[in-house]
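In structure tokens below, several structures.
Okay, so chain A shows up in both of these, paired with chain B first and chain C after.
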Partner chain A sequence: MNKIASILSEIRPEFDFTASEDFINDGLLDSFDMISLVSELDKTFSISIDGVDIIPENFRSIKTITDLLAKKGVTVS
Partner chain B sequence: MNLKFKNKKITGILTVLPSKEVSFEDEMENYNFSKEQSAKLKKIMGYGSHRIVDENVCCSDLAVAGINYLIERGHLKKEEIDAIVMVTQTPDYIMPVTSILIQGKLDLKKDMYCVDVNQGCAGYLVGLHQAFMFLEQETVNKVVLVNADILTRKVSKKDRNSYPLVGDGASITIVEKDTTSPEIFSNIKVDGTNWDALMIPAGGMRLPISPETGVFQEDDKGNIRSKDNLVMKGDAVFNFVQTEVPPMINDLVTYAGVEMDTIDYFMFHQPNRFMLQKLADKMKVSYDRMPNNVVEHFGNASGVTIPTDITFNLGQKLCDNEYMVCLAGFGVGLTWSSMLIKMGKLDFCEMINY
Partner chain C sequence: MISNKDEVLFLLQKIKQAGGSFITNFFIDDTKLSAWIADKQFFYIEAAEGILFLRQDRNFYHIYYNTNSFDNLTALLSHHLPQKTFVTDIIGKTGDVDNIAALFSSAGFTTQTVLARYTRINKEDSDFYKAENEVEIATAEYCDEITEMLQKNFDKYSEQVYSFSEVKKLVNDRKIIMIRDVSKIKGILIRTILPQSSVLNNFLVNPEFLGQKIGSKLLKHYIFESKFTKRMWLWVIRDNEHAINMYQKHGYTRDGLVDVIMILNKTNEQNS
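Then we have the complex of A and B:
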């Protein structure tokens, strides 16, 4: 499993993230989940995601999260 | 707007916090969320315990206790107080102003100036601006700045967005003339188009309190509150802080002509730990220079968090030494303000319980 998918499953184990194309609109992630996710991503990849980037647009899918990490020089396969 | 002040000095800071301490764990079952989720957030946001006043205690009580404490210990003489600036969003009454209640309770001289300012998280900065401006007068030599709020009364206990973070408290800051003090640099901005990002809908003249405003409703995130309670658009406030505060500090250091690494401490308003850590990371400031532990120990008492941060984390060090300190407050209004000030050799810098 992709590392991002694995972190998402830890945060909200009750949801199937592979079945959603928009985590925010589908109600899989709320703002507190986004904060939990950022905290985990920061820790896992030894980065600090910019506060201004903690907006729903960046957390809609695995792809948008991957793109956000790429801004910090992190490549997730 | 840039501001500059000359020949002014903070000579002492006292924080007065309620003795009653309630932990996040004790309140977790009030919230409409799983314990696991709440526990995870406790760690990230810095939820710990917060201080809460007893039912009959108001802001003037905390302020009078603090000022009396200073008088009893010889740090302050009644007759020296030329002005009281009271910054609060939770006054004892709608009228009269709380600063004059304090003047009366302490039996201070009548030949003085008392004013209340309705400000929140930027209230320490706004209060200092007012105090400095009073000191431009020949007749004013010493100003008592009181910051006090008891917002736990106005936040729903079932609002997980806000209740775990808020705390009650007061601070007394003595501000005086001092011809040897270096210049103090500051700036402030406001944005009234986002007035509803942080507000209490009912209780003013626009929407008086009524049985209808007291009806509890659940929001789309599962928080339960009424129109009599504080409501915060958490996402919008977080984004506002992350967008506006780092450039504000850049502007301040440019205005003052100093380098970031010459600043010893960044004593910022503390809404939660995560927000402060993100600011520190963005500004490339180490966490030990920008403490973020006020919410976990005491809660966020709006304009009182900066003096609490100073007295809790620096305390006696500020009586023994001098430091270049950057202050910043940001929140309701929206309002955001910062200040670069040489602080130290204080007469007192301590905390007491009420």
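Then we have the complex of A and C:
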């Protein structure tokens, strides 16, 4: 499983994140989950996601999260 | 006053750039944030130790703290709050919130109430739930009555008490269901149902109609409506045993998150 999908599944095991293209509007992540996700991504990839990037648009899908990580120099396969 | 969302993000960026752990209770909800800014209700206090966002709500302010150490949070609360009434929500896992609550206590805040989050993971048992005949979607003619019910029965500091215009929007979005008789609303339930999860935002039975299973009917109907979602959740006052028993009976379990609501009234300090 993709590392991002794996982190998401740890936060919310009841959902299939690979089947959604809009985690926020589909209701897979709430605002508290988003902060937990930022913290997990920071820890896992040894990065610090910028405050300006902690917006729902960047956490809507595995693709947008992958793009966000790429901005921090992290490539996720 | 904050005039756009970019200002908020810029201020958050400053905290992140300062390093340390990011300590916050500001979990961005785009829709709410945009409404607060548009309604000119959103302010901030910037200090060397961090940033406090303040949202005006009638005659008090909700505090959203953003800082990078416990010492800085203590300094922010002790030295930078003007003479107003403040309420804050400290949200986190049971136990994790205790340290932060202690800092607020040392700055003079007292605990108003504690909410606990309950979650229901939908399984096959959702088929047991059927539409309740008495339940209907609230319409515009009931906005006044619903607003009055909420304002009369809810604690403005610890529960979301919607204004008339907010109720009007909720009604317009078909987010309120109710049971009524010819002259009065017996109970209402406000909910947000998304494709995969469902949130029970507010739930109220008119005290005049207690004991008639109004709450049970509204809740069962709501579970029926949410049967296609995977996760349902709600916040409830932690020691409201009657409500908790009802939620547990319908499959909700405590998921470990708590919301400690603390209050500080500084309006009398000038005279003391």
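FYI, the second predicted complex is superposed on the first by the 77 of 77 C-alpha atoms of A that agree within 3 Å, B and C clash if a C-alpha of one lies under 4 Å from a C-alpha of the other, contacts with A are read in each partner's own complex, and residues count from 1 in each chain.
To be clear about the criterion, a contact is a pair of C-beta atoms (placed from the backbone, for glycine too) under 8 Å apart; a residue touches a chain by one contact, two chains touch by 3 or more.
Here the structure is a predicted model, which means the values were calculated and not measured.
Peer 1: Going by the contact rule set out at the top, does A:Asn25 touch chain B (first), chain C (second), both, or neither?
Peer 2: A:Asn25 contacts chain C only, not chain B.
Peer 1: Classify the contacts of A:Phe15 with the two partner chains as first (chain B alone), second (chain C alone), both, or neither.
Peer 2: In the superposition, A:Phe15 contacts chain C only.
Peer 1: Thinking of the overlay built on chain A, is A:Ser48 touched by chain B (first), by chain C (second), by both, or by neither?
Peer 2: both
Peer 1: Which partner reaches more residues of chain A, chain B or chain C?
Peer 2: Of the two chains, more chain A residues are contacted by C.
Peer 1: Contact-wise, after the overlay, does A:Ile35 reach chain B, chain C, both or neither (first, second, both, neither)?
Peer 2: So A:Ile35 meets both chain B and chain C here.
Peer 1: Need the overlap of the two footprints on chain A, from chain B and from chain C, as residue ranges.
Peer 2: 30-32, 35, 48, 50-52, 54-56
Peer 1: Can you name the residues of chain B that touch chain A in the complex?
Peer 2: 37, 40-41, 44-45, 221, 234-235, 238-239, 241-243, 274-275, 277-279, 281-282
Peer 1: Taking the complex as given, what residues does chain C use to touch chain A?
Peer 2: Those in contact with chain A are residues 9-17, 22, 24, 27-30, 91, 121, 194-199, 229-231, 233, 257.
Peer 1: Under the definition above, what is the set of chain A residues touching chain B in their complex?
Peer 2: Interface residues on the chain A side: 11, 30-32, 35-36, 39, 48, 50-52, 54-56.
Peer 1: For a test of understanding, state which residues of chain A touch chain C in their complex under the given definition.
Peer 2: Of all residues in chain A, those touching chain C are 12, 14-15, 20, 25-28, 30-32, 34-35, 48-52, 54-56.
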